[in-house]
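Next come two complexes, and both contain subunit A; in the first it sits with subunit B, in the second with subunit C.
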Partner chain A sequence: MTSYRLTTPGRRIVRGRRLNFTFDGKPHEGLHGDTIASALMAGGRTLMGRSFKYHRPRGPVTAGHEEPNALVGTGTGSRFEPNQRATTTRLHEGLRATSQNRWPTLDHDIGAINSRLSRFLPAGFYYKTFTWPAAFWEKVYEPIIRRSAGLGRPPEGPDADRYEHFYAHCDLAVVGGGVAGIAAALKAAREGKRVLLLEQDTLWGGRSITDGTMMEGEAPADWTAARIAELEGMENVTLRLNLQGSGVYDHGYLTAYEWVAEDRPGADAPRHRLWRIRAGHIITATGAIERPLPFAGNDIPGVMLASAVRDYVSDYAVTPGRRVIIVTNNDDAYRTALALLDAGVTVPLVVDARHEAAGELARQVRDRGVEIATASGITAEGGKEVTGVRVVDIAGNGSGGRLVRCDAIAMSGGWSPVPHLWSHCGGKLLWDDAQGFFYPDPDRPPLGADGMGMVSAVGAAAGDLTLSRAGLRQDSKGSLTEQPTRPVWVMPEGAGPDLRAKMFLDYQNDVKVTDVQLAAREGFVSVEHAKRYTTLGMATDQGKLSNINGLAVLSAQVGNSIPQVGTTTFRPPYVPISMGSIAGAARGDIFQPLRRTPLHDWHEARGTRWEPVGHWRRPFCYPRAGEDPHAAVMREVKNARQTLGLLDASTLGKIVVKGPDAGRFLDLLYTNMMSTLKVGRCRYGLMCSENGFLMDDGVVARLTEDTFLCHTTSGGADRIHAHMEEWLQTEWWDMQVYVANITEQWAQIAVVGPNARKVLEKLGGMDLSRDALPFMAWAEGEIAGLPARVFRISFSGELSYEIAVSANHGKALWDKLLSAGEEFGVMPYGTEALHVLRAEKGFIMIGDESDGTVIPQDLGLGWAISKRKDDYIGKRAQERVHMTDPKRWKLVGLQTLDGSVLPDGAYAVAEGTNENGQRNTQGRVTSTYHSPTLGHGIAMGLVLNGPDRMGEVLDFPGTDSTVHKARICDPVFYDKEGAKQDV
Partner chain B sequence: MLILHCPYCGVDADETELSPGGEAHLTRHGPGSDDTDFESYLFMRENPKGPQFERWRHAMGCGKWFHAARHTVTMQVFGTYPAQTQRPPQEILDRISAAQPGWRWRDLGDEGQRA
Partner chain C sequence: MSDLQSALQGARFDGYVSVFEAQPAGMIQLRADLAEDAVAHAVHRATGATIPQPLGLSTGDRGEALWMAPDELLLRVLTDAIPELLADVQDDLRDHHHLALDVSAMRTEIRVEGAAVREVLAKVTPVDMETLKPGTVRRTRLAQVAAAIWLSNDETAHVLCFRSVATYVFDVLSVSARKGGEVGAF
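== the complex of A and B ==
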């Protein structure tokens, strides 16, 4: 390779500050300010990667974010990141970069055989090749494709870096700190608006500084410095470099991506920062991107955009070669010739597709002795590097042509405005036929909340490539009259298939002119279809270089104009952003808030097994040393049945419903009649959705004449509270009712078992005798000196008191119960024991017996549905034919013939098969446990005509090919009379 | 991401503070209603490509339900108003008519709601 570092100055590099890095394990040296690409080129390496499909050798084609070729992995271990653009990744001491998509090495890659086979790997070849025989897909094709697919390898282990979100609000956000953006920001700032100006680069001023055009009579660097200084002095202005506008969304929402400590791994700073900006208005001053020219061999390392060559020379003092040929269809590329000549690099030839090169820039180049071949195109020669070009007639078929030796090619197919941010939220584009680009249509901007345009484009991003409309280049000294561009979509225009098959449109995905033409011939004439069929524009650069050329080829093939063919959809982010920046700080412990009961720490210290319930953690069980969870659960169940168990029931939802109409409201909310409940009493209630399905259950206690306390499921408190608010606010807003969710204000402990009353009497306080506090009553008083509400309700079937104390007394009560209960052999029990206890009693559990398709009538809960009410939520729905169908599966108990435990969710099979050839079913298991009380498996399930089929045996095939036989029985397995809870 | 003005607490709330509640101005059909009315109430929606009245709750703010009149394509917001009403305020209807003459919405139960 013949790229090398020049002795001329480079405005981004610091000569004295050398940095060591490695590429594929080999040591390299660069300078402070270098990118990986500029440093490798300075060291003579242009080959930096391999293309995705054909593994063709590739070097950088750009000097910016649009780079499709020079993608590398950076870092190691938990700081490894694939697919980083070498053209924008800043060098730092010790950086480790690795090339991708090659094996065993970048220079000698076996996969390059694909390139030889390219005629057998046309567009859509996946869809054509791997379709037969069907059995080969899983075992043969997919494994092969998976091994060869993907670009780069994913990082391993958790990300070692941290990331954050940053919120900003402004009247105007200006995306792009080139001269157009600076001018727009300054104008608004002088009017007193709060302005945010952001620039993806490390420097202000954009291309104008490299290109050297005079700005309002000043050198562009001076013009920029003066205006940035003025902006910096204004309190209403925020300026940020290294911040890239990433996406525009509804109502002025703009995301931006900041490289913070990217080049300082391990620093005490976030690696990336995602800005979440709300802007009154957004100006996109995002400039333009140069287009490649489609000529044969346009992907050989050493072929670069003319503007990129100019950037490498003036920014990094690096040239891609010693003899650089320019090929262009416009005047701008002549600036590259001048920059190379100024740096002492030989420019043997400029090839211009136009019939004459009469512009001022061309004249300057010609005056310096450079030959200009007009009405000409090229085909490039070379393999892993450029060796020369053949100069051919632009209108011809590409045959013949004289060979001119060179080691790099600078190409320019004209410029395209960057419309991405404009288009993200619906801004429309217009086609400029003369210049060959799409640009924002100022009459059809994306609209904001007020129905007015919320985004404007300025400068080159608006299609004003020379900034003449912006009025920034007024003085005659600096302004150059440029000659019109001649759009060239295939070079030479009469090229045959052999040449067209070497003209790359999408470099990364190896989409060639022939692929797009083939797609069109095969009927993929819609741009969105052609894109997906050929993968044009689907690479990590998202078509920034390839789209316009590809559209032009497609439109020529289908015989439509380019604007008729249209563009594919522009979607955020503008360039890929790190997953970490999207997550921000929301990872690990703060990914989601964890709700803890007042007893959480006690459970934790006790070595509990946790079970997530909503955002809560509840103890699943409390295993003792050497005890497995199953044994612990069995022990806890038996202990509660035989003597005394304690349950932390604090997560139980508690909602106060208060007001003159509270009873009337609850009558509508629950299927039961709640308004008739007496003060001091409790009632179990069911809640359904308006669609009739069971959604929650719990015990309601009437606290006073106008106050009810509604218990909900642990996971349901917030949802049910919101449900109540919704009906109160949006349907029955005439009712005088308040609701408040007081779940976290109370700790609640269930004291369960034959000795429950004894332990509470030992603690002393209120009268808890059967006469004073019968089953399904509640009372307020004191327990062990703590103010408490005691509810005589039972979810276990045992004598049970649920004691609610203010949250800060919860731990004290728990401790007192434990020590007073010692003589009774007290044990805490967890949620699994709770489940077993309730299942032995045939009590349903929301989420087990109900799943959003079950109505209370299915569960034998008709007794909890008031027949005397005109209305409740869900009543009308439950009158529908399907809901009253006698064939709905109904709740029954299930007991295996051999005493084993039925598999959860197993289906009971019936005779015959359905239309899909699957076995017919007649029921399913909803809850299943081993009952230590009874010594055998117990289950509940929904079964066709179940309650009428007592004693019948059903087959439940398991997933292990065994068939479990179970007999239909009463779902209440234990204490059918309910005697034990009512003592 | 939308911003909607909460007519109760006066906050211009980000969409992240809000929870959506589907179309507004539905008439509840309860027990005694015929199947067609009930089906229409429970399942049938205007789902317009254009101006829509919709329900939102300022869930992460003051907790109140309100209605918004919003264009489902352009995201233009014609106004927000409290949920305790059968019909959108006239000024919002006028604003919609000005932006999109000839727009349609289901019968809101009284006359004059359409342009």
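== the complex of A and C ==
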């Protein structure tokens, strides 16, 4: 195989360091510093992938991140990564790369038949073809399309690598370490600003290094090195290579993507790091991207951007061919001719669309004996590689033309600034008709919180392609006189349909000139519609190369100017970033915070079955060996009823409310009266939202004259605390009340069952007799030598004490209770037993009986709504017509006729159907369990006129086509008079 | 004191900085009008410290006072001194609207030590760790939970989080401190 490695120096490669890698399983060799693309090209391979739709053979078009064609999968197994740009992926020893979108092999691909059928696969093909029969879509069409389309396959198994985030702050973030970015960073740094300069490349200096124009009298490399050295010496500057500006968001928020250990797979280091930057101001110095020319065959491997050819020569000492023809509409591409000639590559011809080539660079090329064909265009010849061009009249229809042999084509359709980051957050663009590109409008930048522009563009990114406005090209020789560009959107301009159908605009999605024109003819004249209909610019490269050419073709077809047609929306990220980097370190154990009670480890060691409650994990039940969860729950319920159960109630919210106005404040928060509560006593209370809906409940204990302790639901503590603070800070700021959420200060253990008092008396320390501590009282003292508060409250209906001790003492108390309770057959019980116990007693549960649409009146809780108070949050809302409607469903008990358990959430049906043809309903199940105490199913539900229909039987159709029959009954199934808890 | 059990039971991770559970401290949450002389007196009597500036921390011979909010301080004292000091504060402020509570058990302090403490914390908190001055207390977010962070010197960071998420915070900091993750940006 011929070597395409040149003998000239390559600034990125190290000749002595050879690296072995494989491509599609075959061994290849490259040099340290090579990309996959440069290494394959050095071995004579330009075919690197197949296109998305037609499976056309494709090779690299670029040498950078804008690459649409040369996408490969890298790595294997859990380190496999699809759709990696071969043009930016650095080689490392042992790298395994695989081509995509081909079967069985890259060189012999069956899917390429699609290319022959392309006339039958026009824009909107899917929408037009797979419409009938409708039933075929899901089972037949979609699976086939999904299998044949798509780019790389997803990785297998969990990602083997780690990722992280990094927060950075600066006065100025400069995105792009080319000369314009360096100059901007230096200016700000010298003014004392805190500057972050980031560059996606591994080297500073951007294109200027390769393109070689003098900078302020110095060679670009020297200019760059001197200024980077100065920046490195400044305390207020952070310089970062391998860090790509990814997205710009409101308030100067910039994300950037860092390749950390990308080329060291298996290293103990993050693969990528996502920077989350807060910048006072952002400068985009993101340069420009060269545009392809739309000529027939412009996608054949070997056709590349002229600048990319230059890059391969100077960066990697690689040429895509030995005879390279240049086709251009501007002067810049002549630099490629010179670079190739200097490297000893033959340039038989430069084809220039302009009527003359009179610039300085063209003269230099002509002086070296290269033929320049002006007023000309080309059509490319070749299949899997370029074999030649036909030189045709630029204004003609493309017929005839002489054939000139070559093995690569370097094309340049002019340059377009990279406006992505400028545009992400709303920066507007202007059209430059002479140069044929959009550039940032300095008068309409994205605005920051102060109403001023938060992003500025400089250098080529601002449309200043020669950097003359930036004042960087003031060398003594004067700048080169360049002849203006001639925008070319179709080459040749009079090409007929056959040629236009081979002119690719979007390489990755196989969108051709004819597709965009067809879309326009079919009425998709809005740029956003045409984009979606044709998929132009919707591939992983987001149209970096295709955007302008596509817009130009669309505008010509609809007869509007390009700025009238406008651009599609630029969205982050600038290039695809790994999902891992977005997740950062949040995976595995730290995917989400897990809240642990002081007893968590004990529960875990007992093999508890967990239930998530907010971010808490609470034991659902504690199954014993050979026991299923249901059996465990039944055992735990019975044990608590018959002797002694323990519940870890530490997650219960605990909020202290203190101050002279504390009572008045709580009277407004709760529906019932709290200010009349006596010190040492407890009262159950309900809290409603402003709209009257029940939002939380719990027991309030009065600690002192001006101090209350409000218990909330486990999931409600933070929300209710915030609710209290909000009212105090925004509405009742004149009240003298402080609140504090001290949920986690206390471990709280419910000691439940007929033997509850006995076990506590055994531990000793406090008088817990009925007289000393009656039902709904609390006391402070010591239990088993631990300072404790004891609340005589019951959510189970049994004799029950809730013991609160310091969180640090929680485990000690639990251990003491277990050991002292042994003689009574003590057992811990979980949340499900708690639910069954409370349901047997007809106690409601926030989140079961309430769902954000339920008011206390629906639940028969009118007794907890004070009639004596002028106001409470929700009072007015509860007087509204809908809330007082007698047809609101009301809480009742439900008991199946056969003793079975009603399905949760089941609806009771009524006669007739509604306007949608659905069965009318008259109620629904809110809680349903098997009661081991009663030996049959019990349920609560909300039913139309329920409390007036005791004894009626309702039908609850299940999802299994059976109908469950249940009788309306009192929701209190057990110990209605409350004798058991008051002993 | 075998009945006492801290959230992390002295856990420690050594990466390119060290992450470990600090000795439990006594903590009093104090809400009051910080401009009142009586409050300054109570704080001084409990800790020996003055009322800190906003976002500040002041140190006395018996403890520290950390600014938490315009009407809230956190007093850090010896654990054993809590019952007495809390009673003193409540007594000093009996004629002033205030709230003073023992919150020692509901928070865990995790210490991060090493030359790179700023950068390790910058992976998990949006605070500007590069410029954070020692003695400035920030109530902020650490990964996905609330935390307070301050530096006592350039190589010692204090992270205060709720007890229930102590394991989460410890794990998050340990992952951030893993060798190989050095950023080198500050």
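Everything that follows uses one rule, which is that the second predicted complex is superposed on the first by the 977 of 983 C-alpha atoms of A that agree within 3 Å, B and C clash if a C-alpha of one lies under 4 Å from a C-alpha of the other, contacts with A are read in each partner's own complex, and residues count from 1 in each chain.
FYI, a contact is a pair of C-beta atoms (placed from the backbone, for glycine too) under 8 Å apart; a residue touches a chain by one contact, two chains touch by 3 or more.
Just so you know, these numbers come straight off a predicted model, no measurement behind them.
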* Which partner does A:His92 contact after superposing on A: first (subunit B), second (subunit C), both, neither? -> neither
* Please indicate which partner A:Arg681 is in contact with in the superposed arrangement: first for subunit B, second for subunit C, both, or neither. => neither
* Asked: Taking the superposition as given, does A:Ala261 touch the first partner, subunit B, the second, subunit C, both, or neither?
  -> second
* For A:Val656, is the partner it touches subunit B (first), subunit C (second), both, or none of the two (neither)? -> second
* To do: Identify the partner contact of A:Lys762: answer first if only subunit B is touched, second if only subunit C is, both if each is, neither if none is.
  => neither
* To do: Look at the residues of subunit A and decide whether subunit B or subunit C touches more of them.
  => C
* To do: Overlap the subunit B and subunit C contact sets on subunit A and report the shared residues.
  => 278
* Structure fact -> Within the complex, subunit A is touched by subunit C residues 2-7, 24, 29, 31-32, 71, 97-99, 101-107, 119, 122-131, 143-145, 162-168, 171-172, 175-176, 178-181, 183, 185-186
* To do: Provide the residue numbers of subunit A that touch subunit C in the complex, in ascending order.
  => 162, 164-169, 238, 240, 261, 267-270, 273, 276, 278, 585-586, 589-590, 592-598, 615-616, 656, 658-660, 736, 738-740, 742-746, 785-786, 806-812
* Complex contact set, residues of subunit A against subunit B -> 249-253, 278, 426, 447-451, 690-691, 722, 725-726, 729-731, 733, 870-871, 875-877, 879-880
* To do: State the interface residues of subunit B toward subunit A in the complex, per the touch definition above.
  => 1-3, 14, 19, 21, 28-33, 35, 38, 42, 55, 57, 59, 63-65, 71, 74-77, 83-84, 99
